[in-house]
Amino acid sequence: MIAAWAPRLAHRLAVLWRSRRDGRASVPPAQAAIVEPPPLDEMDADGPPLLKVWLFGGLAPVAACRSFTVPLDAPTSLRSLMAMMVERFGPAFRELVMQDNGQIYGCCRLFLDGFPVEVDDIIDPARGPRNLELIVLTSSEGG
Amino acid sequence: MSSQRYDQLIADMRSDYRPQREWGEGKGILLVVGHFLVGVAGGTWVMSSLYHVTVGLAVAFVLGALGALVHLAFLGKPMRAFKMIRHFRTSWISRGFVGLSLFLVGSGGCLAIGFLGLGGPWLVLALCAQGLAAVGTVIIIGYMGFCYTASKGIPFWHSPLHPALYIAYAFRGGIAALLVISAATGVVPGDGLLQLWLGITVLVCLFFGLELYGAVTGGNQAARRSVHDILAGRLALLFYGGTLALGLLVPVLLIALPSAISATTMALIGLASAAGDFFVKLSTVRAGVYLPLRRIPQTAG
Amino acid sequence: MVIDLKRCIGCYGCQLSCKAEHGTPPGVFFARLLKHEEGKYPSVRQMFLPVLCNHCTDAPCVDVCPTEASHYCEGGIVDIDHDKCVGCRACMMACPYNNRYFNAERNWYFGDAGPTPYELARSARHDTGVVMKCNFCTPRLAEGKLPACVANCPTTARTFGDLDDPNSTVSRLIKDRGGFTLHPEAGTSPNVYYLAP
Amino acid sequence: MSLLKKKPAAAADDAWLASSCALCYGTCSILAHRVDGTVIKIEGNPDSVVGKGKLCGKGVSGIMTHYDPHRLTKPLKRTNPVKGIGVDPGWKEISWDEALDTVARELKRIRDEDPRKLTVMRTTTVTASRVPFQAFSAGFGTPNFSVAGGGLHCGNGAHLISGIMHASWSVVPDFEYCNYAVYFGASKGHSAGHASCSNMGLAADARARGMRMVVVDPMCNFAAAKATEWVPLRVGTDAALALAMCNVMVNELGIFDAPYLKAKTNGPYLIGPDQLYLRDPATKEPLVWDEKKGVALPYTAVPAEDMALEGNYQVDGVPCRPSFVILKEHLRKFTPEQAEKITTVPAADIRRLGGEFGREARVGSTIVIDGVTVPYRPVAAIAFRGAQGHMNSVYNFLAVDLLNQMVGAADVAGSCLGFNPASHGFPETGRLRYVPKAGPDGLMVTGMWMGYHYPYPIAEPRLPTNLGLQDLFVMGMTSPFLTSSDQEELWQTFSVPYRPEALLNFGCNIMMSVGTSQTVAESLKKYKFIASIDLYLTEFSDFCDIVLPDCDYLQSTDSRSNFPFIFNLPGGMGEWCWSIRQPADQPQGEQRRHSEVLLDLAERIGMTPDFNAALNASINLAPPYRLAPDRRYSWDEVCDAELKCNFGAERGLDWFKQHGVIKWPKKPEEVYWRAFEDVRVPIYWEFLKVAGDKIAAIAEPRGVSIPREYYEPLPDFLPCPSHQCEHKGFDYFAFYYRDIIHTNSFTMENPWLDEAARLDPYSYTVAIHKDTALSRGLAHGDVVDIETEGGRKVTGRLCLTEAIHPEGLGIAALAGHWGDGMPIAKGKGVFFNELLEVDWDHSSPVNQNLDLCVKVKVTKLGAKP
């Protein structure tokens, strides 16, 4: 069997069909875990950098506020941030963003300074004050 | 085009055998009337010449002129009719147009001279007018059948019998006209008229029967469909009522009457026979079915 | 022109791109698609047959036309000169492929709602009282384009070229694939060939 | 047709504008020729990959839809409060301000009370409406979004499984290299659908090259008409046939691609007696049996070739087997003889087809394309609308895809491809990059999707708050419960805390596209306020309070005609292509573009920041092109932002209006990504069993029984309600199919298409088998009554044909309009959906796809019309 699907490399990520590749990089490296957006300038620089969280769509009315700020003293994961929000804004907010098993809905999208971020990413406070946007998009589609 | 005609066109185009509706339906009926009148005119001119019925000549001229007018009315662009001279070499319609023109000019001239009683040099002119008329008559009697034969798109018409049939119709029409004229003027041109009429009618029936038989056995689906339409289809009423009953049965019955042939019966025979001719022409024209574009399997529904 | 019945899937693209190119009135189709079945269940096949004027080499429609309105153009294309046509419709009867249409009176696709701007723009050149037919899109050929039906065919089933030139694609297709014509027995030597499905 | 005597003097306005069609959701690229302000021709755009300069019949006929005098030109307000089928709404023309204020006031009230009370619906035909309407409903805050009939009838099965197994919206054979394609209820390249025009060309080239095409379909038209072999079968029994073919291939002939199954599927995962994965206690990763070490380890710790695919094992005393073994055992049940009884396809044919598919697959072979060696499996089994339009929607489609998975013919050269599942992005900016990646349990998560909840991983079922109950029935997408007869009962059963009050519709005509009009009418009467943006007054408009005149595609702008690429960009090798839509004509009367109307509405409701944020997220705009929250943008500006964001600052909307399209080459690693991405796909749907248990845990205590045979991990044949109808006299399976000349219920109003359909033998007629009809005294052209057991009835004209299964009754397209708003369409064709019940019993318990086949009785009304 010329092309066995079995991998040559031990590493899990390399479980590819064994096929002769002529030096062409197959897949660019996955995005780095930590996001490196440009810092924002208009926030005040004294004290710990602040993270301003903006809620859009159905989230704002449920949370009864458009935005709020969170001090960023240590690298915090977005998952913990979401957990804090759910616990702060109550069951109606939880119903929109979190599944019963604690997972965040795929259609709940987070944007840090305009760049999409995953729930598992971590915000590095060293990069100064930042803006986080949160919105729940439409899940169903068809046709 | 009214939505009703449009719906009919769509239904036609979807059917396996698409009937032709341009000649014979709507304004197209003028064409059949035109052909009928011109045919009778030719026949009447010939018969009148044979039996020296000058009134008949006049009637022939009138019928011919009327036929020409009706033809023009049928055309899409009547104003350009004069252009129909151009393609004499191959187009039967072109030849027909020339023939009809000659006939009208010739018969008109000859009648005019006769009517005005001019002598001397005019007689020579009358003679050549008569010659023109004769040529014109031959053409208008003969060309009509060939128009239909040239239509490769309609297999039912595309048979060699059509010209002969139309020539026979012309003569039958001529005799019918004479019968009507004689009834009207009380002058019985000669006793042989009815016998001649019978002979030609038999000839017509023979040709028509042959044509139908030819179409059925010719193996062409469209031709068979045309015959089906005439005998048992959409034209059955027209054919049986108009052609057979009116055009054949009535005259034959009248002839078979024990009492002598009175003027009125003669007129009736004439009119009935003419009507029969008209209806047979109409039904054959309307029965025209286009050649289907694909091999239709025999078991077609 | 050569039409490959193996490729044609009956999408009506030819019929409608032709209609869009010429703005032909209701019921008039310079190009048309016919659908029919052949065979008994379950070995049945659907046949898609696109038809148009075959531009025959000795066209009966040209012979019967009294005013020489139907004439041969350069390249063997058969066209109608609408200034000569008297509307006698003999040509419609003579064409064994019945690809000619009589434009009795001006009418529109939306009926009494009147003409659309498109129909006004396109039908300016259509006379009433005359016969209309396909002319292989002569105006497009003049601009070096292919006829509308050929250019638009999504399965490239239609090929257009010079049949007289033995090594043009059309000639080779006919030779290799055994091109056949419709109703050859009519003796009009048509110039649209079909390749078996 | 004579030449123009004098060439028109160089017309002042003579422009060819590159844009996109909208006669169906294929959105092929077009060139619109405008002379003196009038669009006189629409042709394909040869520069574009979408259509390659060609258009189908519908595309070129768009002009007559554009200039249709019956199009709406002014906003209308209802004066007659009574709503009903055929009840005259008493339309009064009003100004745009009054109309928008009315709508905004109503929506604002609802948004303040509970945004979920708004339902938003859009037609699938206009792809340009996806982003604006999805963003509007996200910004508004309602999860209740639907594509009505367009989604419900033809998507829930096809998209779900194409997404999970091929990371794409639907699947198509790799026409360039495929040698043997089996179509199950699909037409790909022979009728309508995604990338239909491009596929027509590709499919024709493939057929000319000699690709053999076997089409499994109850009717022989479109794909079946051009097939090398038509396999007629009883409607809705595709799963039985596909599984039998799998059985022949795997068990009788022993043909399967072990290396593929080990590396690319969850075949080696060990399954315990409870049908679930055995998991590593620490990492919770599914275990596989390492043959070399003779021990069970997490799949991440074992090289693929060492994973056991066969055999029985013990792990900590628990008996377990690789899932592939369970699949093989399961397939034994589907002998060709058994399948013959269900599908009426002769057993010999089934055995032959299974063998041919297996042998043609050339398991183990590779091919070099553009210098890259990729696996080569020149076979493809595809399905689409026909196969999955049944209760058994998921299993029918999954069974067909198993054929591909068994021999590794998935997203490799010549095989069954998704539509562009992987893209390495636009070279200069790296944007538009998406690649399938491994998700929970190593199973593939699609890189791109049309909605924003991906098909896998499955969401956690919970007590529903969506009107469509999609958060309980987590495999569903478009839901029937927005218009089902038992919706109130279900909402109460699951104590949904609110009821819908307002409906915003774009282009849908759900009175015809969903099911029997009576049921839909009842559900519409419950709404307090309905606003609709449409081209015409449709049967749906009879229930609207405000109707707004929309611009059509020749009067609008859009920046993403063929994106996401998984939807309608042609698959297979070639080039990536991005095209736009630009206006070729002015609006008529007071028509406005739906996107501008939404932006205006958002401003009046006061949700512009939310709408902009939703647009940013939907289009994935990156700084500096992100929309500022507080600014009111025009849709052209949004398009411009997206184009510059994707293709660089110099290639904005104006650049695209000039150049039409931008293209860049596809790489083999993108098109045949399966060999290059480390992802596995589930041939054993363990998560389905898990989901089933959870859903039952919620539903059954409330009295709704979940038929667990639909939630088994392996596909099975489960009969539709129509198969269980033994009622005497009801002896035909009625089904409906897409017509090549029509799109849904929309194009019957186009006079050219209507004219072509009237000439077509099948388009407006009821296709019935000749012999069976004649034996019942039915003749060609008879007008008949078609009646269901439930008393639903439609009339139609018969077309006796050999090209249909003896028990089949085929009706084309979505015709049978009765409203006056579309006079050309009125009374044309048969309204099939009138026969369909819309309720829990007639929709799939897994993905809510409506069952589209129904047993009917045919009685003669009168002789030929």
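Note that the chains take the letters A, B, C and D in the order they are written out, and that residue 1 is the start of every chain.
In this text, a residue touches a chain if its C-beta (ideal position, glycine included) is under 8 Å from a C-beta of that chain, and two chains touch if they have at least 3 such contacts.
These numbers come from a predicted model, not from an experiment.
**Q** Counting C-beta pairs in contact, which chain pair has more, B-D or A-D?
**A** When the contacts at B-D and A-D are counted, A-D has more.
**Q** Between chain B and chain D, what is the separation of their C-alpha centroids in Å?
**A** 64
**Q** Distance from the CA centroid of chain A to that of chain C, rounded to the nearest Å?
**A** 61
**Q** From the C-alpha centre of chain A to that of chain D, how far is it in Å?
**A** 29
**Q** Please compute the C-alpha centroid of chain B, do the same for chain C, then give the distance between them in whole Å.
**A** Those two chain centres are 34 Å apart.
**Q** For chain B, write out the residues touching at least two other chains, lowest number first.
**A** Residues 10, 13 of chain B each touch two or more of the other chains.
**Q** Can you tell me which residues of chain C touch two or more of the remaining chains?
**A** 26-27, 32, 36
**Q** I need the residues of chain D touching at least two other chains; which ones are they?
**A** Answer for chain D, listing residues that touch two or more other chains: 755, 759, 761, 770.
**Q** Chain pairs that touch, all of them, please.
**A** A-D, B-C, B-D, C-D
**Q** Can you list the residues on chain B that touch chain D in the complex?
**A** 10, 13-14, 301
**Q** Note which residues of chain B are touching chain C in the complex, please.
**A** 1, 3, 6, 9-10, 13, 18, 20, 22-23, 26-27, 74-78, 80-81, 83-84, 86-87, 90-94, 97, 147-148, 150-154, 157, 288, 290-291, 293-294, 296-297
**Q** Report the residues of chain C in contact with chain B in the complex, numbered from low to high.
**A** 26-27, 32, 34, 36, 38, 47, 49, 51, 60, 62-68, 84-90, 92-98, 102, 104-105, 107, 111, 128-131, 182-183, 186-188
**Q** Which residues of chain D touch chain B in the complex?
**A** 755, 758-759, 761, 770, 779-780, 800
**Q** Which residues, counting only chain D, touch chain C once they are in their complex?
**A** 1-4, 35-44, 51, 53-61, 63-64, 66-70, 189-191, 197, 200-201, 203-205, 207-208, 220-222, 224-226, 230, 232, 740-741, 751-753, 755-756, 759-762, 769-771, 801-804, 806, 824
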